[in-house]
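Read through the structure below, which is laid out as structure tokens, and then see the notes.
Chain nomenclature is as follows: A, B, C and D, assigned in order of appearance, with residue numbering initiated at 1 for each chain independently.
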Amino acid sequence: MAEPTIDHRGPEFAKLTHELLNDLKQIFKTSGTVVIYPSSGTGAWEASLVNTLSPGDKVLMFETGYFATLWRNMAVKLGLDVDFVPGDWRQGVDPAMVEEKLIEDKKQNIKAVMIVHNETSTGVTSRVNEARKAMDRAGHPALLMVDTISSLGSINYRHDEWRVDVTIGCSQKGLMLPPGLGLNAISDKALKASKSARLPKSYWDWEPMINDNKSGFFPYTPSTNLLYGLRESLSMLFGEGLENVFARHLRLAEATRRAVKTWGLEILCMTPEEYSNSLTAVLMPNGYNADKLREIILKKFNMSLGTGLGKLKGKIFRIGHLGDFNELMLAGTLCGIEMGLVLSNVPFSKGGVTEAIDYLSAHQ
Amino acid sequence: MAEPTIDHRGPEFAKLTHELLNDLKQIFKTSGTVVIYPSSGTGAWEASLVNTLSPGDKVLMFETGYFATLWRNMAVKLGLDVDFVPGDWRQGVDPAMVEEKLIEDKKQNIKAVMIVHNETSTGVTSRVNEARKAMDRAGHPALLMVDTISSLGSINYRHDEWRVDVTIGCSQKGLMLPPGLGLNAISDKALKASKSARLPKSYWDWEPMINDNKSGFFPYTPSTNLLYGLRESLSMLFGEGLENVFARHLRLAEATRRAVKTWGLEILCMTPEEYSNSLTAVLMPNGYNADKLREIILKKFNMSLGTGLGKLKGKIFRIGHLGDFNELMLAGTLCGIEMGLVLSNVPFSKGGVTEAIDYLSAHQ
Amino acid sequence: MAEPTIDHRGPEFAKLTHELLNDLKQIFKTSGTVVIYPSSGTGAWEASLVNTLSPGDKVLMFETGYFATLWRNMAVKLGLDVDFVPGDWRQGVDPAMVEEKLIEDKKQNIKAVMIVHNETSTGVTSRVNEARKAMDRAGHPALLMVDTISSLGSINYRHDEWRVDVTIGCSQKGLMLPPGLGLNAISDKALKASKSARLPKSYWDWEPMINDNKSGFFPYTPSTNLLYGLRESLSMLFGEGLENVFARHLRLAEATRRAVKTWGLEILCMTPEEYSNSLTAVLMPNGYNADKLREIILKKFNMSLGTGLGKLKGKIFRIGHLGDFNELMLAGTLCGIEMGLVLSNVPFSKGGVTEAIDYLSAHQ
Amino acid sequence: MAEPTIDHRGPEFAKLTHELLNDLKQIFKTSGTVVIYPSSGTGAWEASLVNTLSPGDKVLMFETGYFATLWRNMAVKLGLDVDFVPGDWRQGVDPAMVEEKLIEDKKQNIKAVMIVHNETSTGVTSRVNEARKAMDRAGHPALLMVDTISSLGSINYRHDEWRVDVTIGCSQKGLMLPPGLGLNAISDKALKASKSARLPKSYWDWEPMINDNKSGFFPYTPSTNLLYGLRESLSMLFGEGLENVFARHLRLAEATRRAVKTWGLEILCMTPEEYSNSLTAVLMPNGYNADKLREIILKKFNMSLGTGLGKLKGKIFRIGHLGDFNELMLAGTLCGIEMGLVLSNVPFSKGGVTEAIDYLSAHQ
């Protein structure tokens, strides 16, 4: 009664911490180390940088969209020297470019390669495995860091098999929780790099976190309520089976893409093998504003579609189909869009919903 | 701490009771008396009978479906003499038949005419107002009692204007609550009849209920938690506006019916002016079992459609579209049915969903 | 989506029903029949009467308090001939009086003996087992019906061992749920009596209830949400162990009584072997109004004590200590009363709380 | 449906942000700037340092307990030069020492004075206002930074009046929420200092936070659910009145201290004017382990008392009495301790609870 009911210094809490850290390893597909911050996913980005790098270190990043650009900005602010490969926000990281850049770097000044796995702003999924192979071909020792904020628990991802050094995740997408947990999965190579990294750090410092986690505790107050929620969401994912979860997201994403194509609208992502299974960004026809469409759909049908971020503002809308999402929720979503297109007088061909449900019927 | 937080003998609770009873009058559209039982809707039926009638009294009822039949059974068990006009479960109460029966009853033995407003088992809405006029034409003094269990708060209903004597309602349909509240709206004529009614009664007795309600209390423990919930659901209804709620149900129902017709399936209700706006019952083609379809839809899409009750078992499925229901929920529901029809190999024409969303787009 | 999430006609619901009915038998300690109504406990009273008795039947009841009197009133309203043995509301049913009354009844006109096990209005627990033995000694065939509304799941009770014919219970006391479930546990003898009982009944009729329960269903809409809650509360009771639950209530009740005696106040119940373990009613000193005290405690400490009912109005307050209640909740309650006594200028001796916690410390 | 219900890029969310930031100013008693991080309170510490200071900057801190020591450790890790004035963990910051240290610092190398307002580990509240006056007397331009993690919303605090430059707060104590929000209240002087501060920062950077907040948004995903919760808890605080909240905490704290003294136990805090109103730390008699007592109380009464942190491990237990806490909860807590002392065979005098409720009765 006198203290909050969840005592984060008691034995029950320690048990919970151990369970969660173990279970999260299965989600990242790693036997390495996982840490949990009370933070947004952006905090988990910062943790990946300050733990492994030193002021002025060179890193290689790719302009795949809005969030890749924000991550670049963070790296610059923290005093890193970023080689930011430009991009058109419609394609993922080009493995050939990774290889070329690393081969050019004869002195091995590049300390890390940073990739956003699934760009939430564009619906493009970079081929991390191919990037890894490119790094291997270049024989370059740089660390590989990957943002899986909108792919973890939704799209196939393999931290160990792809030899990723730091994977960044969070609570509020595939793990189906409110925002407030930032995650790092950490390879031994990254842990070793952290021993000599000189960016100042305290809140994000892996070392006390990993030490305290051994006995089930945290160096400062964790987000206790979200950790209890995490236990539930991990149970849901394991109950369905992670491979089944991935298959469901693929099925719903493919139905969405078929609807979009039937409507005669263009998917922002230009390369089919990079289509995202967690969200689909759709280009508006020339002269039509996506936010006008979004506003009508919100007002009439109480459904909030994702807006275009940064330079895509007004040009696209985004359909999320990740997390605790099923066939009928998707069908309702697509119907809402088809009705919104009518009400907004956007030129399009009807029948997207029918195409989607045909596909879904045929894949049960 | 020592007693349950909701003290049903305290002043705050009395205030809540008065508010709720007043607000419910607006839902029934009456300036008369409303009472609330801790019971299912079936209990509110029993209350209507035992308060107004005496053993052996003759009543006129109509076989419009499963629930009308259950109400008849109850009347028989309680010792009433029921004239049960047979029906085919595809039509509502025929006003001409009401008039004929009452005119035949020269001695005015019939003490009450009982009508189910909206038959949940069939999706047929009887024209209570027309029945009322028929009773007037016959000049017969029988009470008029109406079951609005699945229409109250969803379909236009007017206790005072239609001079209904007892209206029966409940919590779990249009009032969007869990089951557990039974309602009676009572005319002065019914109150007067209750003074001489001789069926034994105690739990259902209007008198102590109405007396205790005056000071905001109940003669025995009410369903306190549901009463708090009722305050919320009434706020939702008034917030949207009761006429808007009716219009929304009409719009969703019409979209549903257009989908069904496009599929080439038959609506159980034979008379368009009796189509229910809270649910639609659909006949399966000959040789196809509705429960097989329902089972596939439940298994594949986690959606539970209403089963055929009584003699309609296996022959129909029912689509509910009442309560806290909107365009996208309906769209998801119709997509689930269209996919289920494919998966069940039921012969049908695609395009029902498209037809429905065309209609909905055109009526925003 | 289209129908409420809890479908009370589906297979999962049937499984739940079977589990609950089985588990409730353990609470009543019976291998007989249990039925569940969507009603208050008062409804379960009515069910016990209309299922077993006929108009004009004679029954024997005892004026042990407010609720015994209400039950009597119900019996009279339903047309039974009640022999109501007067009482002073400070003692339970006298087994010798039961014996005497039954021996007098040479013609065996008395069809049922009705006892309130734990009088919520007085904190007196009648000795049902002794009453049973008195009936046996008299060799009288009357049914034994017992109201356990505020004792079930809190105080030792044994339907089968004490050969009770109908036990009446409800959801909102020892079962720790909101009001809305009425319960009957039924002996074979009572079931047999129900075959010839002629009071009219439909909602309360055991027969269709028992028939439909066999397949896990109900003859009309049950209180689905409360049934889900019941599963939780039964798990809590079995988790703690029913005997441990009884021991806890005894311990808390005894601590309460010691506090009351230390304060120099009088416990309403005059016979220690009839002290209730679920609540304690306390007499105010002459000239002091209990409701004034209750009002001050509510205002100052936000704690609602039970009021005096009927002729005890203003003369007593009631301390509930049943259900999900523990040592520190009781301690807080007793502190609130001790402070309230000071603030109300009621003459009393301090130290009740100290006495109570001494007792509790010594009995851990 | 397609996106999480709380869209942190929509207009409703912007409105919420503006409301919350305004309301929080009343809690800090400032007309300056407030920012909210998705982080623990420790993150809000880090924000205060990295926004105002540069590598190697000298700061003055005081060893008032466990959390002051953790804050010192953070400052050292981030590369600051900390003058850490030693202390015995039983007293607050000595204003005379503040003055002396600043007068000694002729070159004004000290950039900031850092004080923990209410030491959660010791129950000692430093006199921030006196420290402010000492700084004024010394005529020193250092910033004043204050941790109010366990005092904000519970103990009188005045950011503007006391001319504090950065106040650190969080969600999980006086604001009665789960952990996950870190707060900074910022003076103009601190904002100015942030323009030239050179510690690397991105996540904690005030500038983009303040800029985005202007339009009601955040530079990265905020803890949306906790922000909705914050609206409720601020309403509760304003509903009761902040001065009433402080008076309540004082009353409950004083009652606690009287109980402790009656038990013959020693309060850790040595100076009455530094007694904390949000928690009380109690020294165990020599030879008795506080954690043994805590364990017995947890096991027997399911109440978790605060443990001794750092060098106080086993020597003290802590009684929290902050947030949504009232007289009867405190009484229950004190009863639990008094019973636990008996069960642990700790030598003490009974009567602490009686003393506490006497005090509380006299101060209503």
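By our rule, a residue touches a chain if its C-beta (ideal position, glycine included) is under 8 Å from a C-beta of that chain, and two chains touch if they have at least 3 such contacts.
All values reported here derive from a predicted model rather than from experimental measurement.
J.: Which chain's C-alpha centroid is most distant from that of subunit C?
T.: A
J.: Regarding the subunit C and subunit D pair, does the interface count as same (over half of residue numbers shared) or different (under half shared)?
T.: Mostly the same residues form this interface, as more than half of the numbers used are common to both chains.
J.: Between subunit B and subunit D, what is the separation of their C-alpha centroids in Å?
T.: Chain centres of subunit B and subunit D, defined by C-alpha means, are spaced 57 Å apart.
J.: State, to the nearest whole Å, the distance from the C-alpha centre of subunit C to the C-alpha centre of subunit D.
T.: Roughly 48 Å, centre to centre.
J.: Go ahead and note the Å separation of the Cα centroids belonging to subunit B and subunit C.
T.: So the centre of subunit B lies 35 Å away from the centre of subunit C.
J.: For subunit A, what residues touch not just one other chain but two or more?
T.: Residues 1, 303, 328-329, 332-333, 336.
J.: For subunit C, which residues are in contact with subunit B within the complex?
T.: Result: residues 1-4, 7, 9-10, 38-43, 45-46, 50, 55, 70, 73-74, 77-79, 170, 172, 178-180, 199-203, 205, 219-226, 298, 303-307, 319-321, 329, 332-333, 336 of subunit C touch subunit B.
J.: Can you tell me which positions in subunit A touch subunit B when the two form their complex?
T.: Checking each residue of subunit A against subunit B gives 300-303, 326-329, 331-333, 335-336, 338-339, 342-343, 350-351, 353-354, 357-358, 360-362, 364.
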